[in-house]
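Each of the next two complexes has subunit A plus one more chain, namely subunit B in the first and subunit C in the second.
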Partner chain A sequence: MAAVLPDQVLAVPVRRRALSTQPRRLPESTWGYLLILPAVLLVLGLILYPVVYSGWLSFHNKHAYLPIETFIGFSNFANMFGDGEFWRSIELGAIYGIGSVGLQIVVGVSAALLLNETFIGRTFIRGVALFPYMVPTVVVVILMKWILNDAYGVLPYILKTIGIGEDILWLDTTHVMLTVILISTWTFFPFVVIGTLARLQTIDPELYAAAKVDGAGVVRRFIHVTLPQLRNVLFVVILLRFMFMFTKFDVIWLLNGSSGVGYYTRTLPIYTYIKTFGQLQVGAGAAMSMFMFLMLVCFAMVYFRVFRRDEDI
Partner chain B sequence: MSSIELRNLSKSFGDVPAVRGIDLAITDGEFIVLVGPSGCGKTTTLRMIAGLESVSGGAIAFDGEEVNRLPPKGRDIAMVFQSYALYPHMTVFANMAFGLRLSGVDRAQIGERVRAAAELLNISELLRRRPRELSGGQRQRVAMGRAIVRQPRAFLFDEPLSNLDANLRAQMRVEIKRLHSQLRTTVVYVTHDQVEAMTLADRIVVMRDGVIVQSGPPEEVYRQPVDRFVAGFIGAPKMNFLPARLAAENGALSLRIGEGEAEIRLPASDALAGRLGEDVEIGLRPEHLSMRTPGEDTEPGRSFPFPVEVVEPLGAETLVFTTVAGAEVVARCDPELHPRPGDRLTAVVDTAHLHLIDPESGRVLER
Partner chain C sequence: MIDIDWRQVFSQIALYFGAALIALVCGFPLLWMVLTSVRPDRDILTATPKFWSFDYHWQHYVNLFDLTDFHIYFVNSITVAGSATLFTIFVATLAAYGITRFRFGGRNAIAAGMLFTYMFAPILIIVPFYILMRSAGLVNSKLGLVFAYTTFSLPFSMWLLRAFFQSIPLDLEEAAMTDGASRPKAVALVIVPLALPGVIAVSIFTFIVAWNDYLFARVLINDNELKTLPIGMDDLYNATVTDWGMMMAGGVVITIPALVFFILVQRYLIAGWGAGAVKG
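Presenting the complex of A and B:
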């Protein structure tokens, strides 16, 4: 009995080791593919499939609810290009995109420059500055509707008290685009702050010292030291922000919905939504979203070609 | 070109004093090296001279004129930074021309001056490149070129060679020295590297904890350090420090090292008469110990046994290390001696160059 025991004890670990090496016989590359498979399936199912389906839809006359569709070739696109409202939505989208991105850059970079300075409570203020980005859009818009309301809003009241701009009706047809741009700027400028501030903190302080010794004042230091260093980050931020803003749906829709005033902020994504789910012309809506997709791809390509001359710094 | 005077200059960051009232008169065309360990206030002093740091107390004067409130651009100085601080998006030419452009020098003259400086520094073929396309040494030259084209009253260097490898550093040292002898512009040069200080300076200013410990020509600072700090900081390998007790013997002075491990005799001295029986520290440079093999003559009262523990052959000389009275001792030695660890050599002391240091205050004692 005592002589058998050591053999048994020995046998167990040997067998266990043999078992544990078995799965490793799969080549490492196969393991790699297996491990990324879930992610690939998610991407295929949630991104590629809708895009392809949307492309397929854009060539069909498809009922919104019933499984009835007719292939109609490029008719959806022909109709779209002949539709004045479609061109108007692109124009409004461009105004909204350029306006709000421009303001976000100005406000965001200025804020980042301020937050890069040393002052008491800087960490706290930095946190607060990111706050608008964290607030859900729906909350922002509901609050803004209250603040801007011409009957009981606090902003018109304040403006009236100090005696400037008291006649502005923020939510009427003439001002509603400006209002949407301002609200979007407030909500999304922290994105610019984060990117810019991160870059500002990595600029070598000796560059500023060198510029001071070279005789550069505040403005020239900004132009010749800060801006060139921010170039690459601003390149990416502007690209992303413009794409995000051009396709922005929630802020505009939540503020105006399909109301009459909404006609004055009916950008391409809004018009696409109305076409698809309001007028139930799914094929026409799909054609518009395909167009928006291709347009942004072209925009990005041109943008890269024009502004990304060198990879320096 | 200009003389620079610091009068009781001080600087604090909040409650932390960085520079505590230093006085320094730099004559026109002098090459001054501020040297000291990190945090000694040397860079702060330089930045105050540049106008990059405000002055908390005292005054800075250029040619007798106080410049405390003048911004950097009003001081007409040029600075070379540790990171070179070249504008990354500008070509070498634009980098060098930037200061001139801002001060309104006309284009033709800018071109002329940049090309002249580039030639002086051997970087003429780099003028169209961007900083990222240059090696460390080339960037260093461009940074110097940017300073030279300004034809400033003074050059300020802030550890300009510390990002270079050893070979390049030695090469640039020579180059900086040559430039200074050509241009004869006042230079204030900050470094923590005592070799740079020794090789470059007309006058070394050793700083520690915000004050000037000693200032003088390199030779003088090396041969007659005022205290243990300067003695240990200047010179490589470092000066040896040995604990000893001072006694009188037959009309001469005797130094008993450690627990009587060795004894060194010195001629009698009135200045040391009051210190008989007290502990002192012996400071001895490695070159002031000469090695004797067993059997060679050694003079009694001038030598101690030197059992070799570590050998560092450097080619032209060999360093040998041992421990005496708990302190590490290093000596320079003729490589022909071929010392090996375990050899029982004898070290003969050059007593003329032996320093006695007060262990309390760290001051080097008069002999």
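Presenting the complex of A and C:
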């Protein structure tokens, strides 16, 4: 709602004459800095400082509880790159990230296109479509464990009744990655719906009318009118979704924890957590967080370089 | 003769079929959770799940509150999420007001820099964050959690409030101050009420961040007395043979506050999404 206001309102200059009817000793800029100080301190102290500290830790051998803290140079990184489990976690992370983001985008954009049409009960269905996103993750995971339960679960029963996927054990070692991707898609696709739907509603109907006059069918109208209009919003949504999914911890951990099955979904965030809080190697964990951080920065830079056009955003 | 446009009919059928599918896929799991939570065990633990049954009771809810520490987790979650929300609103309002009403060097750079940290996932900093909290003596304390949630919701909250404050004309507070109101009074009585949708959106956003968080609570909290719902629930699930009826009852209780808040601010949240992530 704020976004629709004209920019002129935003650019109203601060008029000191009228504002300084109260006696004030401090200059304007000092007030500004003072007001923003608590926010800046919190972000500096609890987000940016930890990132720097993480960099420092990654060059040290540090135990989680014992007072061991020695500088070991690049050893943590050398060990990390020599660790087969580390590369495996990157591979699993890529499968999870690409799989779940891809599905979220396909399902989310399809649902948004459908919810943008006019039909009876649209408001209700729009509300229902946002449900999965507001259910707390811990509930989503326990609920899905119940629905997929091999003895009493309702989904295996339904699938058996309609005759597909009868004997799939959803939570065994071969299917658990697929299951965690599907669960993540279920709970996060509404994020894509929200963004896409908001944009669809602002597309000028005349564009469609013009395309119709030119004889474009449904498919061509989607490709030549809708998709280009969605480009900007999808650019941001895909970036954010990928950032979030690549660093996703709770869904995967809650589903499998440190159990044996969990080995088959041990993505980089999970492996980092296990290294730090399971094996108590804080330095090694910090090296992995730093690597994850650098990977994301590189990804974002490449992503911007490849997909962003200057006239777009 | 009636001329039927079959393409039209077909697309209408497809449309309603798709809508029904969305409703089913998104709604059914939650309906199933509610149904399971009010059924006796003999209707829950059956190889052929019952879609219709006529025997309902509240026993699972009673057990949840009587036999487990769920009520402790619930109170802890309310306390932590509530404090984090109030704290965030206070800090974010100050910052957004400072940025929109005073000129100072680097204010836009600071705003942009803060927003950039919105992309930082908790897992990236959980290792040093834990060490930091431990040396500050904030491990195993609700205060540590409040700090974590406040900090993580601040960037987005500040950005959203900034957009709202920018849209409020300066004349209004000038008028209030000319009439003799002090600046804090003008802000509290004129600006905040006008930016109320933004303040509400920020509250919900922060509340849900705190209400849902698993990672910070898992790492920072050990005492059973201090656990919040996500870790308390996870531990209940892992503790014994799963009592599905009770687990689903817990799921319903945890979901309701998030659901209610979400429905209340759905409009504002989508507006905020537009103001924040898309237009920027």
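Methods note: the second predicted complex is superposed on the first by the 287 of 313 C-alpha atoms of A that agree within 3 Å, B and C clash if a C-alpha of one lies under 4 Å from a C-alpha of the other, contacts with A are read in each partner's own complex, and residues count from 1 in each chain.
FYI, a residue touches a chain if its C-beta (ideal position, glycine included) is under 8 Å from a C-beta of that chain, and two chains touch if they have at least 3 such contacts.
These numbers come from a predicted model, not from an experiment.
For the composite obtained by overlaying on subunit A, subunit B and subunit C can both be accommodated side by side without a clash. Once the two complexes are overlaid on the shared chain, A:Gly285 sits against subunit C while remaining clear of subunit B. Annotation for subunit A, partner touching more residues between subunit B and subunit C: C.
Of the two partner chains placed by the overlay, only subunit C lies in contact with A:Leu254; subunit B stays clear of it.
In the superposition on chain A, contact is made by A:Thr272 with subunit C only, not with subunit B.
When both complexes are overlaid on chain A, the residue A:Leu159 reaches neither subunit B nor subunit C. In the overlay built on the shared chain, the residue A:Leu48 is in contact with subunit C alone; subunit B does not reach it. Shared-chain residue A:Ile90: touches no atom of subunit B or subunit C. Judged by the touch definition given at the top, the superposed model places A:Glu117 against subunit C, while subunit B stays out of reach. Of the two partner chains, neither subunit B nor subunit C is touched by A:Ile98. Once both complexes are placed on a shared chain A, the shortest Cα to Cα gap between subunit B and subunit C comes to 8 Å. Shared interface residues of subunit A, touching subunit B in one complex and subunit C in the other, do not exist. Within the complex, the subunit B residues that touch subunit A are 47, 50-52, 71-73, 77-79, 81-83, 85-90, 98-99, 102-103, 130, 132, 146. Residues of subunit A that touch subunit C in their complex: 1-3, 5, 9-10, 12, 14-15, 18-19, 21-22, 28-36, 38-40, 42-43, 46-51, 53-54, 57, 111, 114-115, 117, 119, 121-122, 125, 127-132, 134-139, 142-144, 146-147, 149, 151-154, 157, 186, 190, 194-195, 198-199, 232-233, 236-237, 240, 243-244, 247-250, 253-254, 257, 269, 272-273, 276-277, 282, 285-286, 289, 292-293, 296, 300. Those residues of subunit A that touch subunit B in the complex are listed here as 204, 206-207, 209-217, 220, 224-225, 228-229, 231, 312-313.
Subunit C contributes residues 12, 15-16, 18-19, 22-23, 25-27, 29-30, 32-33, 36, 44-49, 91-92, 94-95, 97-99, 101-105, 107, 110, 114, 117, 119-132, 147-148, 150-152, 154-155, 158, 163-164, 166-167, 169-170, 174, 177-178, 182-183, 197-198, 208, 211-212, 214-215, 219, 229-230, 233-234, 237-238, 244, 247-248, 250-251, 254-255, 258-259, 262-263, 266, 268-271, 273-275, 277-279 to its touches with subunit A in the complex.
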